[in-house]
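Supplied in structure tokens, the structure appears directly below.
We call the chains A, B and C, going by the order they appear; numbering starts again at 1 in every chain.
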Amino acid sequence: MPTLAAAAQATGGRILGDGSVTFRRVAPVHDAGPRDLALLAHRRYAADLARCGGGALLVSEALSGIEEGPPHRLVVADPHAALIDLLPLLHTESRQDEGVHPTAVIHASAVLPESVGVGAHTVIGAGATLGEDVRIGPNCVVGAGVAIGAGTVLYPSVTLYPGSVLGERVIVHAGARIGVDGFGYVSSGGTHRKIPQVGACVIEDDVEIGANCAIDRGSIGRTVVGAGSKLDNLVHVGHNVTVGRGSMLVAQVGVAGSTRIGAGVAIGGQAGISGHLTVGARARIAAQAGVIGDVAPGQAISGYPARDHRDYLKAMAHVMRLPELVKRLRLLERRHPAEDKH
Amino acid sequence: MPTLAAAAQATGGRILGDGSVTFRRVAPVHDAGPRDLALLAHRRYAADLARCGGGALLVSEALSGIEEGPPHRLVVADPHAALIDLLPLLHTESRQDEGVHPTAVIHASAVLPESVGVGAHTVIGAGATLGEDVRIGPNCVVGAGVAIGAGTVLYPSVTLYPGSVLGERVIVHAGARIGVDGFGYVSSGGTHRKIPQVGACVIEDDVEIGANCAIDRGSIGRTVVGAGSKLDNLVHVGHNVTVGRGSMLVAQVGVAGSTRIGAGVAIGGQAGISGHLTVGARARIAAQAGVIGDVAPGQAISGYPARDHRDYLKAMAHVMRLPELVKRLRLLERRHPAEDKH
Amino acid sequence: MPTLAAAAQATGGRILGDGSVTFRRVAPVHDAGPRDLALLAHRRYAADLARCGGGALLVSEALSGIEEGPPHRLVVADPHAALIDLLPLLHTESRQDEGVHPTAVIHASAVLPESVGVGAHTVIGAGATLGEDVRIGPNCVVGAGVAIGAGTVLYPSVTLYPGSVLGERVIVHAGARIGVDGFGYVSSGGTHRKIPQVGACVIEDDVEIGANCAIDRGSIGRTVVGAGSKLDNLVHVGHNVTVGRGSMLVAQVGVAGSTRIGAGVAIGGQAGISGHLTVGARARIAAQAGVIGDVAPGQAISGYPARDHRDYLKAMAHVMRLPELVKRLRLLERRHPAEDKH
């Protein structure tokens, strides 16, 4: 078990109280036991300090002097950020076993460096190429011709459709489907003829994709998720979409076909963006927003149809007062009936 | 084939007409053939009685005297509830075969009682422990250290991330992912550094989880789905969320991180709840509601941002009359222009 | 590589410029290289022609005379429709290998014609019957008693619950779950008792089902997805729902139990439809709409609660002007205070 002093060194924090106190894990304030380092990052959870049983406290500068709670403290700028350096002291990484499980079915023409790990019952198609240290969980299907960059991790039951391209250090969670046929038909007389979907699906370096996401391949062009972008669970990305670098798509977001999303865009949970639109860099789209027009760079929007975030919330506040407004209008009308000509 | 009399005994119902009539299955009124017991539970489907070909009718007290339809009737308080006792007369349970399929890959340190069933190509990791009579379908992945209580059933292609804990009699439908990494990053300068997700994911007794759901593990603490809660298909539950006992989350609901949902809460389909909120016991959140603030116990809310259900529907009714209201306002203004000083 | 002339013959188009020009693939205008046929279908992408490096242009009649871009052109009525006939010239179909992979686990009583293909680690249950030329990807689970019509294709990791019925030429994308238990409970005193779900799930001919969809079986009756209907990714269809012929459900749509959707209905992404409703033929439900009442045939609706599409957008425009309306109302009131009796 590490000491508070070792933790301070790893995170660049400072100590209040006794630096020789040890802890076995980091835990939320309301859940911390005597051998735990309780984490307090937001004032909203300060009330939990009363029943905090932790042996020490990991706390932000702003809250470091708070009265209640463990007196032995590790004070850092951002307790969540500190976890990145702190948790490796506690958790010895449980990597997928190296090597290829004997039940995996690997096509003879696939290229696998010795450093890769492939789980049981995973299937890897013809011509697929894996980079160094790639880890593929059990029950995955890697289609023909797929290329996977070094250090990328697939959790169990992931499907990569043929031809998909994944960069380096990509993380794909269980059940995600990448390179799916887009939703493209030519309709006439009530019949929908499928347009063959033959484009590419490119996931760039350092992208993380949540569980059970579905990302379509391009119809003829490419679908691209830009480097460093993060997708939460159950996100849908339609065909020919491009997502810029470092964008965040929270759970259950849907992006319809051919929309171009800029870099550093943040899209809240369950928001939907129609097809063939442009969303500018660093735009902020609120949870559940329904976007049916282009979004300017840096713009913050919400609602359906999505509008400026503050204007929308202001307008919705008025909506809730509409019954009262209507009464006031009716009162004025009664005082001034149409036949009243002054 | 059971008789109506046997069905009456099993369900505690009473018979109108001939109790010796037999039936091979229960079917909706519009779909029932001469050997079927037609089920009528709501007046809205009474019109289907005209073309009901059923040999007998399973009907509620309120509708028992209805004229049309089969004269031989089993009258019960709640026809759907009656199915719980009635269907076992018809369907001999087709349980997963007992025993462990020879293609399953079970780590030597996993603990499996003889009574468990494990389907083909399922993978069970180091140190996993299964209770009595656990049934695991084909192509599942049970991570290292997972604990599964007695009588729990996993349908095919389920993923339990390492360390997940499932109680007794839990049902997990195909493709659900439990214990997924939460969506936690420290962002600066357009780069998002992943905060390791090392907390637990606990699914208590008698929970049912729909197909392709995604439930995150805690970041450092725990995600908990309380005993007896039911999740429909494609539901997302973020990290550190707690769901109280006996809550119902309809399909495609999303709950963002660290939100605490009380017991007996009902959340309609596609509703979304922001992070770090508290939803009181027995609250009712309408379908598609977007909840961005705390919800009081027992409160019924809808819309975005979610408000009191009746107020919201009333306000939205006024919204649809806004074009007319604006005309009335304009009329008043014309009659009383600003320069009119009386 | 085909010539423009061969492409014109395949698609019934006409040529501008040199018909002997060859191309290796079709690509979007902004992505086309010198050996590509650039596709231009919408004026909104005409600006990309300036930097189009394509050797030839596939273009609609309306845009055929556009100045910039490659001078060698294949002019057709609808460039996307032309792909249906054009792409087979380029892509030799990479079908699933025929034959049953030796790692597949096929129950002795299942019926498989010699023409079928079954991928690695797929499991097929007792009494399942497959039609001619069925293709099943790796890691699928086909439950006991399932019937699959000729020419149907399952992508990897699909689950068909026992008893599901699929027609001919159905396409099911990776991770879709068909025939899942519906969300049916009898609740009392905070406890929810599961109503056994024993009905059927029928997917008719020529249906396409997107990745990670979830379609419930009937509770006692049937869930039916009508012939030629198309479901995008992550769609939820509840128990006892019927979808008519040729309907389109865009990504993340949810349809609650027992709702009857007519033929030729179009439902936009993330829209939700409550249970026990009737949606008339050719109705158009906008993206994110929340439908809580019946929809007339041919009606176009949007919003929550869903209303006539044009009325809704008009009303929402007024909503955004509410702050200004309230000011105008207040001004009138000030000019005519209640004590002002004229």
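The rule is simple: a contact is a pair of C-beta atoms (placed from the backbone, for glycine too) under 8 Å apart; a residue touches a chain by one contact, two chains touch by 3 or more.
This is a predicted model, so every value here is computed, not measured.
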>> Considering only chains that satisfy the touch condition with chain A, which of them also satisfy it with chain B?
In response: C
>> Please compute the angle of the rotation superposing chain A on chain C (C-alpha atoms), rounded to a multiple of 5 degrees.
In response: 120
> If you list every residue number at the chain B and chain C contact, are more than half found on both copies (same) or fewer than half (different)?
Replying inline: different
>> Using mean CA coordinates as chain centres, what's the gap between chain B and chain C in Å?
In response: 24
> Residue numbers in chain A touching 2 or more other chains?
Replying inline: 103, 121, 139, 157, 175, 212, 234, 252, 270, 288, 304, 316, 319, 322, 325, 329, 332, 336, 340, 342
> Which of the residues in chain C end up touching chain A in this complex?
Replying inline: 25-28, 30-31, 39, 42, 44, 78, 80-81, 83-84, 87-88, 90-91, 94, 101, 103, 119-121, 137-139, 155-157, 171, 173-175, 208, 210-212, 228, 230, 232-234, 245-246, 248, 250-252, 263-264, 269-270, 287-288, 303-304, 313, 316, 319-323, 325-326, 329, 332-333, 336, 338, 340, 342
> In the complex of these two chains, what residues of chain B are touching chain A?
Replying inline: 103, 105, 121, 123, 139, 141, 144, 157, 159, 161-162, 175, 177, 180-181, 183-187, 190-196, 198, 212-214, 216, 218-222, 234, 236, 238, 240, 252, 254, 256, 270, 272, 274, 276, 288, 290, 292, 304-305, 307, 311-312, 314-316, 318-319, 322, 325, 328-329, 331-332, 335-336, 340, 342
